[in-house]
Amino acid sequence: MSGVVLDAAWVREWIRRSAEVIASNRAQLSTLDRAVGDGDHGENMDRGFTAVLAKVEDAPLDATPADLLKLVATTLISTVGGASGPLFGTAYLKASGAVAGAVELDGDAVLAMLSAARDGIVLRGKADAGDKTMVDAWTPAVDAAAALPSGRDPIAVLRAAADAAEAGARATEPLVARKGRASYLGERAVGHRDPGASSSALLLRAAVDAAETG
Amino acid sequence: MKKLLNDPRSVVQEAVAGFGAAHPGVVTVSQDPLFITRAEPPRTGKVALVSGGGSGHEPLHGGFVGYGMLDAAVPGPVFTSPTPDPIAAATQAVDQGAGVLHIVKNYTGDVLNFETAADLADAEGIAVRSVLVSDDVAVRDSLYTAGRRGVAGTVFVEKIAGAAAERGDDLDGVAAIATRVAERTRSMGVALRPCIVPHSGEPSFELDDDEVEIGIGIHGEPGRERIGIEPADRIIDRLLGPILDDLPFESGDRVVALVNGMGGTPSMELYIAYRRVADVLAGRGIEVARTLVGDYVTSLEMQGLSLSLLQLDDELLELWDAPVQTVALRWGR
Amino acid sequence: MKKLLNDPRSVVQEAVAGFGAAHPGVVTVSQDPLFITRAEPPRTGKVALVSGGGSGHEPLHGGFVGYGMLDAAVPGPVFTSPTPDPIAAATQAVDQGAGVLHIVKNYTGDVLNFETAADLADAEGIAVRSVLVSDDVAVRDSLYTAGRRGVAGTVFVEKIAGAAAERGDDLDGVAAIATRVAERTRSMGVALRPCIVPHSGEPSFELDDDEVEIGIGIHGEPGRERIGIEPADRIIDRLLGPILDDLPFESGDRVVALVNGMGGTPSMELYIAYRRVADVLAGRGIEVARTLVGDYVTSLEMQGLSLSLLQLDDELLELWDAPVQTVALRWGR
Amino acid sequence: MSGVVLDAAWVREWIRRSAEVIASNRAQLSTLDRAVGDGDHGENMDRGFTAVLAKVEDAPLDATPADLLKLVATTLISTVGGASGPLFGTAYLKASGAVAGAVELDGDAVLAMLSAARDGIVLRGKADAGDKTMVDAWTPAVDAAAALPSGRDPIAVLRAAADAAEAGARATEPLVARKGRASYLGERAVGHRDPGASSSALLLRAAVDAAETG
């Protein structure tokens, strides 16, 4: 039994750190995307999170985690474009729905949130695990988090998720892609890491960092 | 990177503003949300056509807005699908009460963003139908992939669906014609030199001085395979073969042939290519009824070209020949 | 060098053959001697217009053969004036008894070869007049030099003289109109990347990664000066300033503005440039009555652009708006 | 008094050697032209002399020097194009006229031929000496030949002309051009040798070599 809970301040800090880590990995994410896609993933995400940051700074002080996550969702949807915009947008939208009304999030709530995000991505993008997409970060993340004993500390949930997402992103390297632009390449995608899986891992790591310092 | 621009972040806004200023008789630009509509509204009751996608493919789509073709084009950031908001806004702006056809190139991003836009328009009571263009035979189609890309054959769909709408077909009719054109169109491309996306400043892929990339997309995506440079006729054969075999196109067919420059290809090379296309098709008993040679669906300054063929029937040819008055395609008016 | 071609020595023949095959409704190609004429002969008694010059500037001149513009175009080898024989043959082929106007870009080679061709035609009893186009303000004009080069402004001369001929003006009248247009046209260009001539395989000049060449010609000649890359608006100002000061263009003037791509420039950059042109001209009280933005007079795959302005009067505007039906310019028909 | 004369066989040999030397200097002439012009001078001249060679091989066995020179002229005019085609074409045409009817050419005849060629170039191109054109090879060539005592050996005439043409071509380097494409460059043409003057010097050297072995 742990008493640690995460609140709206954590969500704000998560968003701030997300924007930061995306900005500082902008070039690298685009380089990954140049190898298997069209070279804009870093740019797309950075445009989105820069907008998100501005929106969140103006959000009402009493905004709940769900309010903030919804703001992230709509802002990403209306600023990112490309494949990742609607996918991450849906992820945050579903995450918001999963914690509707809650002011404090315990480990189960965080797991529900991550799980809903993953389901949203799969719903919109119809990718299976192993298709070499962001799903290959999110699915192991959710699975690892779910494998922890019930009543778990939310930070531990996030940490398990982030670790698994990072491993999942790395594990996309040997895969042939079956969704997204990388699927056009056939065998030539082998050896390259999926950009969306990589940015997903960065976002989950930012969630851990925000929780640990928050 | 050397480009004629002011700020990499505002290239699309500035270019679209310049486009509107240059062609006030044909198009009108809405800056925020960013979309392009016809300067002269069509007759009421006409089905409206909206297309869009990442920028960098000009004249697609803005150059095809006007009488006989699109009602609106929605330019996204360079090589990135626009978001749902401007698509929905454009859809609403051009709806004449007869519904709106979305012409969407088959990329995950375009499909998802147009889907959401259609939902938003639907919520406003606008009937929206979508047609996907996926003409690129370089990509192996399969239920288990994102499917084929939409490339230069999009011009065929926009032209002919536009003529059907102008003729007075209803939304289902226009969608059916658009689908028929999309189903009968096949394309494939080659790149000699990659393009450079303004915000990254990096070439979209690397090619040695004696290599070409076969099966290239229009976003600087790498292609199907990389081979040593060969004579033009051989390279054309490498593109034409898969196109002809895929539909397949057969002796007795009539086609529209498009030799499409990727943006940085000298006109001379496009015509050298067309000469081969004409020879090969004549040899196979395929009649080229109409031809386009030029830059229609580009990839910034990429050097290379794509070939597209549309298998015609009498109705499609009649609609192809119908008047069109856009910045990039104009005849009969 | 990486180009889509079969044999560097036959690029022009192959490209012209492909051009003829692609546009049978508009042009007819004579292979030997090599020239391009209209597919539909004009009404008898019309003054005929012949132009030509080195190849590599497509769509100039072949793309401007057709109703309302040229009667024949004579393509030389790449960047090299054609010899007198095909010019004389084309002149003879299109003469309708009302005489022929030669539209010649001011280069020593073009001038000399067209001169000899005119002598040959004269010997056959054909009345020939010539008009020189020398619109490039990058070159300092002087009695003691070869004079200014003819560049993209040639399109203005061919379009408007073509309309005058179609209207029924006699040879002197058409020559006078052509001269008036040439006198009121000014141009200047910039290159970001040189072109590569097929037979040499070498870039026509060298530019560092952060340099642009101001005052470039259309043959890969080096320009007036080489400077570090600057924002597009600054570069446009460097071209527009000398153009405006030279004629000079003044407040109250109405102009046709042409932003001409050199062959390898993305459309987006041309429109970013036009946005600045429109702003600057508006600021000076100069009205842009008509605009062209695109590749009209190219230099193979050179990256860069030129600006051209034509000072209009009512008659020139009317002739500009008159119907034209060529491969590269088409309206009103 | 020298009894040496040159005949039609010499003209044929001159043409063969011209074609050879132009072909082997093709790239170099185009490189010179790339610096101050449009980079095609070698290509233009090579196209022309390849055609000339074919024509001359088919010329009747009894063709006079004037006949052969006229054939060179018309072939250059109809195959070279550019500025150099009409200019060299006129040069050979006038050269032909200067030796009309002659079967054997003595030193005076060769001088008359060179002088007529130079005059033809000036007539068509209207360039003055010092304008940085082929005239800067031809004018010193004719002057040097004319400076020899009367009754001179034709080989000596050609040698004087070729030497002076080479010096003249070199002397174009420091000049600003006032004719041809190089005139567009203003000061930037300084330091570059004129391509047409260089090819002219090659042609005159070929004349010497043909005479010496012939």
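The letters A, B, C and D name the chains in turn, as written, and every chain counts its residues from 1.
Rule of thumb we're sticking to: contacts are C-beta pairs under 8 Å (C-beta built on N, C-alpha and C of every residue); 3 or more make two chains touch, one makes a residue touch a chain.
Keep in mind it's a predicted model, so treat the numbers as computed, not measured.
If you take chain A and chain B together, no chain is in touch with both. The chains in contact with chain A as well as with chain C are B. Distance from the chain B centre to the chain C centre is 29 Å, each centre being the mean of its Cα atoms. One finds 76 Å separating the Cα centroids of chain A and chain D.
Put simply, the C-alpha centre of chain C and that of chain D have 33 angstrom between them. The centroid of the Cα atoms in chain B and the matching centroid in chain D are 55 Å apart. Among all residues of chain B, none touch two or more other chains. If you sketch which chains touch which, the chains link end to end in a single open path, with no loop closing it. Every pair of chains meeting the touch criterion is listed here: A-B, B-C, C-D.
Chain contact summary for the complex, chain B toward chain A: residues 54, 76-85, 107-109, 112-113, 115-116, 138-140, 144-146, 149, 197, 199-200, 202, 204-205, 217, 219-222, 224. The touching residues of chain C, counted against chain B in their complex, run 2-7, 11-12, 14-19, 21-23, 55-56, 58-59, 63, 190, 192-193, 195, 209-210, 212, 229, 231-233, 235, 259, 263-276, 278, 291, 293, 295, 298, 300-301, 303-305, 330-331. Within the complex formed with chain C, the residues of chain D that make contact are 27, 30-31, 34, 37-40, 43-44, 47, 77-87, 124-125, 177-181, 183-186, 188.
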